[in-house]
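For reference, the structure I am asking about is given below.
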Amino acid sequence: MSEVVKKFLYVNRKAPYGTIYALESLEVVLIGAAFDQDVSLAFLDDGVFQLTKGQDTKAIGVKNFSPTYRALGDYEVTKLYVEKQSLEERGLSEDDLQELVWEDEDDDWAEKPSIRIIDRKEMAALMADQDVVLSF
Amino acid sequence: MKFGILISEGPYTHQAADSALHFTKAALEAGHEIERVFFYHDGVNVGTRLSVPPQDERNLQQEWSALAKEHELDLVICIAAAQRRGLLDENEAKRQGKDANNIADGFRISGLGQLIEMGILSDRLMTFGD
Amino acid sequence: MSTLHTVNKSPFATNALKSCLDHVSDGDSILLIEDGVYGASNNSAMADMVKAKMKQISIIALKPDLDARGIDETRLLEGISTTDYAGFVEMAAKHDLNQAWL
Amino acid sequence: MSEVVKKFLYVNRKAPYGTIYALESLEVVLIGAAFDQDVSLAFLDDGVFQLTKGQDTKAIGVKNFSPTYRALGDYEVTKLYVEKQSLEERGLSEDDLQELVWEDEDDDWAEKPSIRIIDRKEMAALMADQDVVLSF
Amino acid sequence: MKFGILISEGPYTHQAADSALHFTKAALEAGHEIERVFFYHDGVNVGTRLSVPPQDERNLQQEWSALAKEHELDLVICIAAAQRRGLLDENEAKRQGKDANNIADGFRISGLGQLIEMGILSDRLMTFGD
Amino acid sequence: MSTLHTVNKSPFATNALKSCLDHVSDGDSILLIEDGVYGASNNSAMADMVKAKMKQISIIALKPDLDARGIDETRLLEGISTTDYAGFVEMAAKHDLNQAWL
């Protein structure tokens, strides 16, 4: 719609299912992908829980949207920054998260990881270097 | 045993209305009685018939309405909380000069006294909120 | 007299679990539901706070909510048991009083 | 409506104005007063902020409901328990709270304080000794 | 300077819709432009014309509608969030087979793309939520 | 480049202020609004955490929200200034970016 390319950061600080913010944040990301902006996602505090493996919502009757994160690569949303300290405080490591990948067109469609574990300082720097921050 | 159920948050935004639904079903299955289900704060929004959640998601209003029909549950929406949030039945709409109402089948609007009464008449009052 | 306390918030996000733990009486139970089940996980910064109370009271986590969040048995703090909605109802009936920490 | 008298405890843990819970809790207390039950109010955590002096909401355009607490005595709601530790953590003392009183019919209508500062242990004991707890 | 305003919580329950209103008025008074006001999550409930807050309280829907009229503001309610929560305009009601609608004057329902577009076109995006 | 961070939660209830303080950059400002203004009060258990960051960044509290909650100037942490909605708008324009800590 315009040739402006802005840096958009989606900040996810809340756990999934207890409240709807994680799901409705993901809905914005999916729609936003069509706008060809420079998109990053940040997961910190309880937001890191959104990416954990093995979510099974059958018994609470709520839609399991965790598989949708695996589709983000196809939408060219490939930069998911996860804060190391937030994982550690919650007793989690990278192994507890889903494996998310994207295919790099410029590198013979090689599969590359979308999740990048960064520390708190790098997260602060990432946040400072944006044009638009959307908080959920 | 008689349970009273208080729901304090709106559907989908918080899991409270889901948890309350599952608890209520489990209580009925175990042979308990449900004295009343009282909707307060944003909980009143569970009772709108105008919601249209995505096809692949649960419809909390319909599930509550169906459960109420099956088990003759008394689903009461607090009138003061409902007025603030725009949840009306036909009478209220008329009284307030509004041209539409949005309450769903199986719900009724009444006063906060019904919450206190539920506390008095129930053996246990369970709160689901945020 | 004993109370069933329910906690539905993540202990990393709000002070609900901490405040609940500070106000329980001997023989009470805490049922962790919704985002509250994160308080049942081991190796977290909250684990010691939770463990310290487990001599005095029982802490139980709702399995449907654990499952939704991908928390399996290997990730539970030792001594925390799990239950389903039927068990939740049973606990509510067994205790004299319910107090929700919202 | 019935001759059962139950012990009702209203638990207030949230600050006023940022969310509506404090106001809508007070509305329940006022209606509940007509039912002749044995009513107590507990203020702990951020709930203690509900009782502070000098609230002036003009500039935020929200109704100031703090004067309503002063009317509770007339409704025979006379037991407002405030937790000492919650005050201290917030840098508050009893002097920062409104003075709330009730008139004791059995003591020649003597004015008595409604606020009772109790410690955490007493608060736990108060909570345990109820028939119905309503949490806001 | 152009501001975009995002409101993520419902009226009265959270102060967010109040804070956003005061900010928007102050921005207009200072001579800034408001690119758009976008209502998401429970924020969609600001736009119901069926609410009846107590007489001695502010009426947030009416204040937003009046401000929009005076300054030709673009008040956009997210369609996906609105469907879940039962906020409909006449078209949506028809499309969904509902017998009533509840949107207030000055608000329009549209897609999430309008939020992204607001982020692109505004110099600053301000978020008021919970 | 600098950011205006807004915090609208009580620091005694949620971790929003703490997380914000952990992620600010030099030259940023934090504006405390709504229940966030409780973070501006002195003598509280949170005061040291807030004070520690004040060399690096400015912390401002919204006066309409302080007034609503009965927090007068004698109760403010030293070094915290106040502003009104017009000042809020000015700050938002002056900084390059707004980040809300919800």
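Think of it as A, B, C, D, E and F in the order they're written, each chain with its own count starting at 1.
Convention: a contact is a pair of C-beta atoms (placed from the backbone, for glycine too) under 8 Å apart; a residue touches a chain by one contact, two chains touch by 3 or more.
Owing to the predicted nature of the structure, the values given are computational and were not obtained by experimental measurement.
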Going by the stated contact rule, which chains contact chain B and chain E alike?
-> A, D
Co-neighbours of chain C and chain B - touch as defined = A, D
Which number of steps is the smallest that gets you from chain B over to chain F via touching chains?
-> 2
Comparison of D-E and A-C (more C-beta pairs in contact) | A-C
Using mean Cα positions as chain centres, tell me which chain lies farthest from chain E.
-> C
Gap in Å, rounded to a whole number, between the CA centres of chain E and chain C | 38
Chain B and chain D: spacing of chain centres that average the CA atoms, whole Å | 27
Could you list the positions in chain B whose residues touch two or more of the other chains?
-> 12-13, 15, 19, 22, 41, 54, 57, 80, 125, 127, 129-130
On chain F, where are the residues touching two or more other chains?
-> 8, 12-13, 15, 34-35, 64, 84, 97-98, 100, 102
Residues of chain D whose C-beta touches two or more other chains = 17-20, 45, 60, 62, 132-133, 135
Pairs of chains that touch, anyone?
-> A-B, A-C, A-E, A-F, B-C, B-D, B-E, C-D, C-F, D-E, D-F, E-F
Mind pulling up the chain B residues that touch chain E in the complex?
-> 10-13, 41-42, 45, 48-54, 57, 61, 80, 83-88, 93, 96, 98, 100-102
Listed in rising order, the residues of chain C that touch chain D in the complex are 1-3, 15, 19, 22-25, 28, 97-102
Seen from chain F, its contact residues with chain D in the complex are 8-10, 12-13, 34-35, 38, 41-45, 47, 63-65, 67-70, 72, 75, 84
So in the complex, which bits of chain A are touching chain B?
-> 17-20, 60-63
Quick one: which bits of chain D touch chain C in the complex? Just the residue numbers, please.
-> 11, 13, 44-45, 120, 123-125, 127-133, 135-136
